[in-house]
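Same chain, two partners: chain A is paired with chain B first, then with chain C.
Presenting the complex of A and B:
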């Protein structure tokens, strides 16, 4: 029933996108973007899951299994776990960029309301 | 929105589920992890070995993000530390219209700001080091630098464990861990010290000159590690170190070197980004009382300065 996880990731992505599109508070927009990021983590980790699999670690194999049987056996997908591992750290740094931009905008316009930040309006 | 949700939901029904076979790239990584890299941890082997080029790119994406934060948060005043906004506060004080009297809220905020800058005219010139000596019933907010003895003791207990855990994640590279989580843990250690003891305690270590230097050293170590593979073995990010026996600290060849450099890069990078964000502020543009047309010109002016 990993499909439930996939659908939860879709729901998270849509909630995040909804927040970005409808909120005027820029902090909430950044929170929406973070939520969209988090949905991709959930999606990739769910995509890595295999029914009845073990972790892709060859150290101390579970009882009754050898390292070689693990190599060719039923394990979770390590490539997607790798993506998730790096994406989390990048996500933190990118959120820091968003937040610093928001702080600068607030200092300039003295408002968090994106609707009142209109100087770029042609 | 609803359409997007439905479309994505339908798409989800078509992608591989838990009974699908492992993709070839994952199976390949499982197979080469032990013989070619001597690593019993395929995820680490993928991060720093077979997909090393990908990680290389991610590292410099992280670096680009950190550099953007540093550039965006750079203040208008010349300053060497993350904390030292006295000049900006003074300038703001002067830039405000002297004819217009400040309202009560603004006065309160300015008094607090001056107090923060150790101005004796606005209250206790030297705030208490810790809130422990404050008499009971003192109105909040506490002005002390550090937190209470309870928090400090708890953090003092947790810190060595956290710091060792962060280093362990990297050093024992043949078990789950690696430079990315290790670096995040070490950045958390710095934040804990800041939260518990205040900025004075970490001011010696957490300053841009030092952190940025270490960060660049980590980045150059990564570039060097990967380039030496190209020079010595003929392919970028190839392993050029002798393989140590599996399940030792050195097993994995350049994967461990890459991982340790990544620890430095991620740890200092996150610390720089976070402290740059904490340290920014007091850089408000002066209040606008003019029409919108005027504020356009000041905006471009301010953008050029900051």
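Presenting the complex of A and C:
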């Protein structure tokens, strides 16, 4: 059931957002953002789903299907899956930068509490 | 040069700075001079190729290139397309040229950087410029998202680059949180659009959306607008902007304010005018509201700041708001004025941030209350700051006058009296804020002497003088610039069908748009005089009173907590989507 995917994506998004909005621990905020990111992947993959479809590979079609029927017919959307690959790569880079910034903040301020790292305000 | 040959050069302005950025850390191991030289050559080369395309494109022809020569089949574009329309080319040119000036300035101000730092800095700098040029030229939704992310990643690096002040780390964290949220919004929006129409190309999406805009399309538009508004720094997505600008050194501020923000503005303008069209959704009203709120809040917060760079950062929010108001007017005068103001903002805000950076560099002071009397010891910097302030205030014959008059004209043509008055009010407050800053920093008498830090170097003076010259030239030659550059740019935005057919056909004409502009319009001159007079009084009064209650309340809203700013941004995203879907 594809609906479950969407519900799971929304649930993940909400859990991640809850963490970002309410947790003051910066590591937990990064985890929340990672959860939200995972939910966008799940959402994209679910958008690419077609009922009863196969993988969009035209060589060596599975038994009972010809290349021609795949071209005209029922395959999962490869473009949305590509989006996910792109976003996964970007997401890894962003998380790395995120965590290194948090590490440097902890070294300077000796705290993980985002509420105590707010010299800039007003 | 034939048009297909010209079009096939379009990826180069992006590829050259990318290559320069990748090689910079390697070159820095060999020699520092070499790194600087190669980086400058990369940006100059990029600008030169853009200039090569300029006569054709500003002559009223959109040219398109398909990556890997995957040309469209039956109106379907499978690959990524790059299309140079006058608007995109203008922003790309501004980014390449002003980026070059800023790089020269930085490497001169930060002459003491070590090899590794210099290599990393030159790399991030060029990546950011490449991302802006890519975003300005691309005609593909997911490619736009990728440039957004490239710019975001390099901005994280630049914001946290100079660790001598821990606040740089704090600001980098807020930038990361807000930009990551924005990237989710853009990503989901782009994915939804693709799932709806099976297309990513702007032209194909334009054709698909021309008939009917369904509910998922509207939600996608709202998400993407909110995401790009974060990059542009519109209220309520602006939490990162003042903090990042307070902590970073002058040239990085100038880069962020003048160049990086334009990614957001370009993307918003393209989506609204060239992809969705303005008729089917209440998007112009939404942009008008966002613009006016940003213009007013930015101006009021600027008036209340003590930190010089933070003041300028809030003013950036205000100016981006004014630009968005111009786009939201939706008529030729307003859109041409907005495009004009975007370019002008790049020039005068870069100038102001460089002047502020020079003050910090020379004296080591950041807060206005400790400064004073700097005009005597730093006359060039003082002159640059005053010139920039006068440009923003819209004093003829400087560049701000022309663009602001056009935006006013656009608002008055459609009898949008309340937006017009609110825009004027925000300008008065902006002028008062900058006047107050100029007085406190440069002209107020100050008793004790300064502890002078570093000297100003020739590269820094070159930067200040060339940006100042841009401000004067774009003002003095206003009607010419308008006719040759800004009117074609507005024409491309206001003729989405022509843009779409050109993107699919490889090239195509856009109609000629005549935007009348009267340099000596008595009404406009009177409004400038009134603005300056009221602003002077306001600045004088504000220097003498305690902080008023509304200002204190607004400051209290900017709590500095990443959680709060994330909450504002999420509320903003939901509100934008809700307004577009329900109204």
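Methods note: the second predicted complex is superposed on the first by the 122 of 122 C-alpha atoms of A that agree within 3 Å, B and C clash if a C-alpha of one lies under 4 Å from a C-alpha of the other, contacts with A are read in each partner's own complex, and residues count from 1 in each chain.
FYI, contacts are C-beta pairs under 8 Å (C-beta built on N, C-alpha and C of every residue); 3 or more make two chains touch, one makes a residue touch a chain.
Everything quoted here is computed from the prediction, not taken from an experiment.
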Contacts of A:88 with chain B and chain C, given as first, second, both or neither: first
Partner chain in contact with A:104 - chain B first, chain C second, else both or neither: both
Which of chain B and chain C A:79 touches, first, second, both or neither: both
Chain B versus chain C as contact partner of A:17, first or second or both or neither: both
Touching partner for A:117 - first (chain B), second (chain C), both, neither: second
Touching partner for A:6 - first (chain B), second (chain C), both, neither: first
Contacts of A:44 with chain B and chain C, given as first, second, both or neither: second
Touched partner set for A:71, first chain B, second chain C, both or neither: first
Touching both chain C and chain B, counted on chain A across the two superposed complexes: 17, 21, 47, 77, 79-80, 86, 90, 93-94, 97, 101, 104, 108, 119
Footprint of chain C on chain A - complex, ascending: 17, 20-24, 26, 29, 33, 36-37, 40, 43-44, 47-48, 77, 79-80, 83, 86-87, 90, 93-94, 97-98, 101-102, 104-105, 108-109, 114-115, 117-122
Chain A residues touching chain B - in the complex, by the definition given at the top: 2-3, 6-7, 9-11, 13-14, 17-18, 21, 47, 49-51, 55-59, 67, 70-72, 75, 77-82, 85-86, 88-90, 92-94, 96-97, 99-101, 103-104, 107-108, 110, 119
For the chain B and chain A complex, residues of the former touching the latter: 1, 4-5, 8-9, 12-13, 15-20, 22-23, 25-27, 29-31, 33-34, 40-43, 46-47, 51, 54-55, 58, 61-62, 65-66, 68-69, 72-73, 174-176, 178, 180-181, 183-184, 247, 266, 269-270, 273-274, 276-277, 280-281, 283-285, 287, 295-296, 299, 302-303, 306
Of all residues in chain C, those that touch chain A in their complex: 142, 146, 149, 152-153, 156-157, 160, 163, 166-167, 169-173, 176-177, 180-181, 183-184, 187-188, 190-192, 194-195, 200, 242-243, 246-247, 304, 555-556, 558-563, 566-567, 570
